[in-house]
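Each of the next two complexes has chain A plus one more chain, namely chain B in the first and chain C in the second.
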Partner chain A sequence: MYIMLADDDEDDRLFFKEAFEAIKIFTIVKSANDGVELMEYLSGNGNTLPDILFLDLNMPRKSGMECLMDIKRMDHLKEIPIAIYSTSASEQDIENTFVKGANIYIKKPNDFGKLKKLLEEVIKMNWHYQTSGLNRDSFLLSL
Partner chain B sequence: MNIRSALSVSFLLRLVFIMAMFMLLFIIGISFKHTDSLSKSSEFLVHSYKIQLELEQLLSTIKDAESGQRGFIINNDSIFLKPYKNGLKKVNVLFESLKGMTASQVQQRANLEDLRHLINMRFTYLTNSLALISVAGGNQLLGENMLKGNAKMDSIRLQINKMADLEISSFKKHQEKYNKEISFTPLITLLMLLFSVLVFILAFIKINKDLTVLKNSNEKLLISTESIKHAEKIGEFCTSIWDLKTNKIFFSDNLYRLLGCEPHSFEPTLENYLKFVHPEDRKIVGVKIEDILDKHSTYPRYYRIIRKDGQERYFKAVGKFIAEDSENNMHLNVMEDITKQHWNSLNLKERNRELEQSNKELAYFNQVASHDLQEPLRKIQTIISIIKEREFTNMTETGMDYFIRIQTSVSRMRKLIDDLLLFSRTNKIDKTFEQSDLNLILNNTLLELSALIEEKNAVIQSDQLPLLKVIPFQINQLFQNLLSNSLKYSKPDIAPVIKVEYERILADDYPALKINANKIYGKITLTDNGIGFEQHYAEQIFDVFKRLHTFSKYQGTGIGLSICKKIVENHSGYIFAEGKPGIGAVFTIFLPAE
Partner chain C sequence: MKLYIRYSPGTVVKRLLQEQFDKLQLNYSIIGIGEVDITGPIQGDKLKELTSELSKYGIEIVESEKNILIQKIKDAIIEMVYMDDKLPQTLSISSYLSDKLQSRYGYISNLFSNTTFTSIENFIKLQKTERAKQLLSTSDLTCSEIAWKLNYSSVAHFSSQFKNVTGLTPTTFQRIMKKRRVLRAEEQLLGNIKILGLDTTTNYYKIN
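What follows is the complex of A and B.
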């Protein structure tokens, strides 16, 4: 499974990778340091598109929100399931990303065990169901 | 005083005077007529006597002529014939005079003609008698002739008497008519005079009364004028009245004063007023005053005035058309010196701006304190959990102990930050008040706390709660904080019992409720049987971070009750705490119920 994370925080990228390594599912994790880097990768010729894209909202140069809007505008990218991966869990952010077409919202947990559980849940999700039914109530993923 | 009624009074008076005037004129007319007829009557009398006199004279002239002839016959002296000769001439003169006098009297005139005829005949006899004297032997004829003459003389006397009688009777008739008139008019004149006097007296009384009213209203007017003058002085405002008909403007005394001038020290014209208006603001005043005529100019308007001494003042002007009659032809302007208010409002704005600024800073601080502090904290916690999972077993006993202490402290710090964030978010802005059933809210809270309630084996009894206009989730938070507070500070060996009671009350009955717009409150009390607290802490427990117990005994951040207070204050309500150590605590909430 090909997974991609866009996050400017080095520590968070580290936790993210560690968590996936600990999960007993075969995954390849690719990361981008900010929004610009992410969009360059996604638009690059011949680059493998991720099965799931994890998107931090607060990033320099280009925010996660801007990336989300760009991706949903592009025909070859708009089908990629997008999981928002943010420190904030403000109503406003959740509402906005939901409206713009994100599939799931994850608040970065403060426990490694929880992080592993959340990520495991996300990659095990039935994305066809999650993308077609767009459910506001189950949008914010919590354990 | 009503102008209209004053006008009608003067109209009435005018009418009365005109009536009286006409009566007087009438009386004058009657008097004139009366006098005129009096003089006519006396003329008539004189005329009548004159005729009688002339007639008498005529008779005596004939008699003279007759007796003269007799004397001549007896004495045969021609001197006796003189009256006879003169008599004929005199008779002619008298006749002419009588003819003139009786020109207008038809009957008398006819009588006169008859008389003339008789007299002529008489004279013919006389003449015949004279002729017979000189004829011898005519004594017989003379005697006959004289007898005939005497008979004629009797006829003449009769005729004269007839004429005199006619004069007397016509005079009597005239006198009767005159008397009739004269006896009638004095009564009318007297009545008219009396009536006129009455009218004048009534008019005088009325005038007197009106004068008293006028005097009183004048006094009132004077008082009100004076008080307006004082009011203008005290209230720092002034007025101008613009008469559109005459295009004249009146300025009140205080207008001059507010411009820094002596009252009436310059001509009250628009041009002179504009001289005091700040050059940049002249357009506002100038243009707008011309706009007055179209009656759509906007009020109030604000402009600056530069006083005579150079001081800049701020004016607020309002204007209105006042109706003098059916047409609006007076424009009243009221100008107020609002310099003080202007600066006050500027200060207020400045302070408001500062407050907004400080609020923004506070919000930013909150953001930093909660959000940005959470970021590294989250990482610390994550790393702690990674270490605990992977490296914990490699640690020594002491290392493990310290490590656990680190974890506890970090957790507590997170709790503090979370609560602080919750506290700072608990405000009124952007929250909508809805009519809500507090029973539903309480049930929801109980559901949320069900695990804790079960764990503590607690009993919660509640009255029927009301429908109130509140921010529902904040009230939920309020119930949650208070109930969990009671559950937390319960006695370890006794199952907690919490009573929720409700009562609708009047603010007047509770001095602790400061006077404000709300009169009726919903009073909700939560009574528990927990450990209670010393009453002197009753106010402090609502302060942020205030704790009465050590953390190890009762965990908490000391923010929960602060949030309660904030929520209640958001609802313009009050919250009070009452504690008895070892017995329990009572929290009383007052929420506006109108």
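What follows is the complex of A and C.
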């Protein structure tokens, strides 16, 4: 499974990668340092598109929200499941990103064990949506 | 007189499989010992014929039967959840499934857990939530009506299970889906206006 993360914080990126390495499901994690880098990758010819994309909200140059809105407007990208991965857990941010088309909202935990568990749950749920004929349009998950 | 023969079992089996698959006009490739890849699904009666033909030679289809049963379990659950009537009581879900699939519930349940990495109970919970989502976003039913229809013991039980699966309350979910639809309609309208070559920077649309 191909996973991508856009996050400007180096520690968070590392933490995220290590969590996926600790999960038993086979994954490849690619990361981008900000929104501009992410969009360049996604628009690049022949680049593998991720099975699921994790977006930090606060990034320099281009925010996660701006990326989300751009992605949902592009035909070749709009079907990618999007998980918001943010330090904020404000009701406002959660609701806004869902309305704009995000599928999953994760508040970044401080604890490695918790992160591992959350990511595992996300992957499982995403898998259900891929294999059990559930309706992607109403795939909302807040963790 | 006595004949001495020499043969290679691999070739025998391969030739035999080829004959059988050709007879049923299936598109196949024999991958190796004990594995055949079929292009597309096999219809039920064809599979039955294939199974019985192969059984004459003591050849048994192993995996696929299990997979088919798993698919049948999933289909039965989905059918149950999407019934127009009220759902059966939780207690009888096991008998509903064992009746429908003609197998012991214990067997079905174990097979399901071992193959799909989730329990039947969990799968039902997920499917019921999915059905609730559909009802919340497309019908005028209230939460208590949905709770009754999907056989939750109370609205509180329904809300808490919904929140447990999605992280959102049914009302928040409903509000988000409504806003999403409005947003999409607006974007489409804006797109159409642009196609018509009208100026979207000034607000001169007045509806009386």
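Here is the rule we use: the second predicted complex is superposed on the first by the 125 of 143 C-alpha atoms of A that agree within 3 Å, B and C clash if a C-alpha of one lies under 4 Å from a C-alpha of the other, contacts with A are read in each partner's own complex, and residues count from 1 in each chain.
Please note the rule applied: a residue touches a chain if its C-beta (ideal position, glycine included) is under 8 Å from a C-beta of that chain, and two chains touch if they have at least 3 such contacts.
Just so we're clear, the structure is a prediction, and the values are computed from it rather than from any experiment.
**Student:** Which of the two partners, first being chain B and second being chain C, lies in contact with A:99: first, second, both, or neither?
**Tutor:** A:99 sits against chain C, while chain B stays out of touch.
**Student:** After superposition on the shared chain, which partner residues are touched by A:113: those of chain B (first), chain C (second), both, or neither?
**Tutor:** first
**Student:** Given the touch rule stated above, what does A:15 touch, chain B (first), chain C (second), both, or neither?
**Tutor:** The answer is first: A:15 touches chain B but not chain C.
**Student:** State whether chain B or chain C is in contact with more residues of chain A in the superposed arrangement.
**Tutor:** C
**Student:** If we count contacts the way the header does, which residues on chain C are in touch with chain A in the complex?
**Tutor:** Going by the criterion above, the answer is residues 74, 78, 117-118, 123, 126-127, 130, 133-134, 137, 166-168, 172-173, 175-177, 179-180, 183, 187.
**Student:** Considering the complex alone, what residue numbers of chain A touch chain C?
**Tutor:** Spelled out, the residues of chain A in touch with chain C are 73, 95, 98-101, 105, 124, 128, 132-135, 138, 140-143.
**Student:** Could you pull out which chain A residues touch chain B in their complex?
**Tutor:** 11-12, 15, 18, 87-88, 108-113, 115
**Student:** Within the complex, which stretch of chain B touches chain A?
**Tutor:** For this pair, the touching residues of chain B are 371, 374-375, 377-379, 381-382, 385-386, 389, 414.
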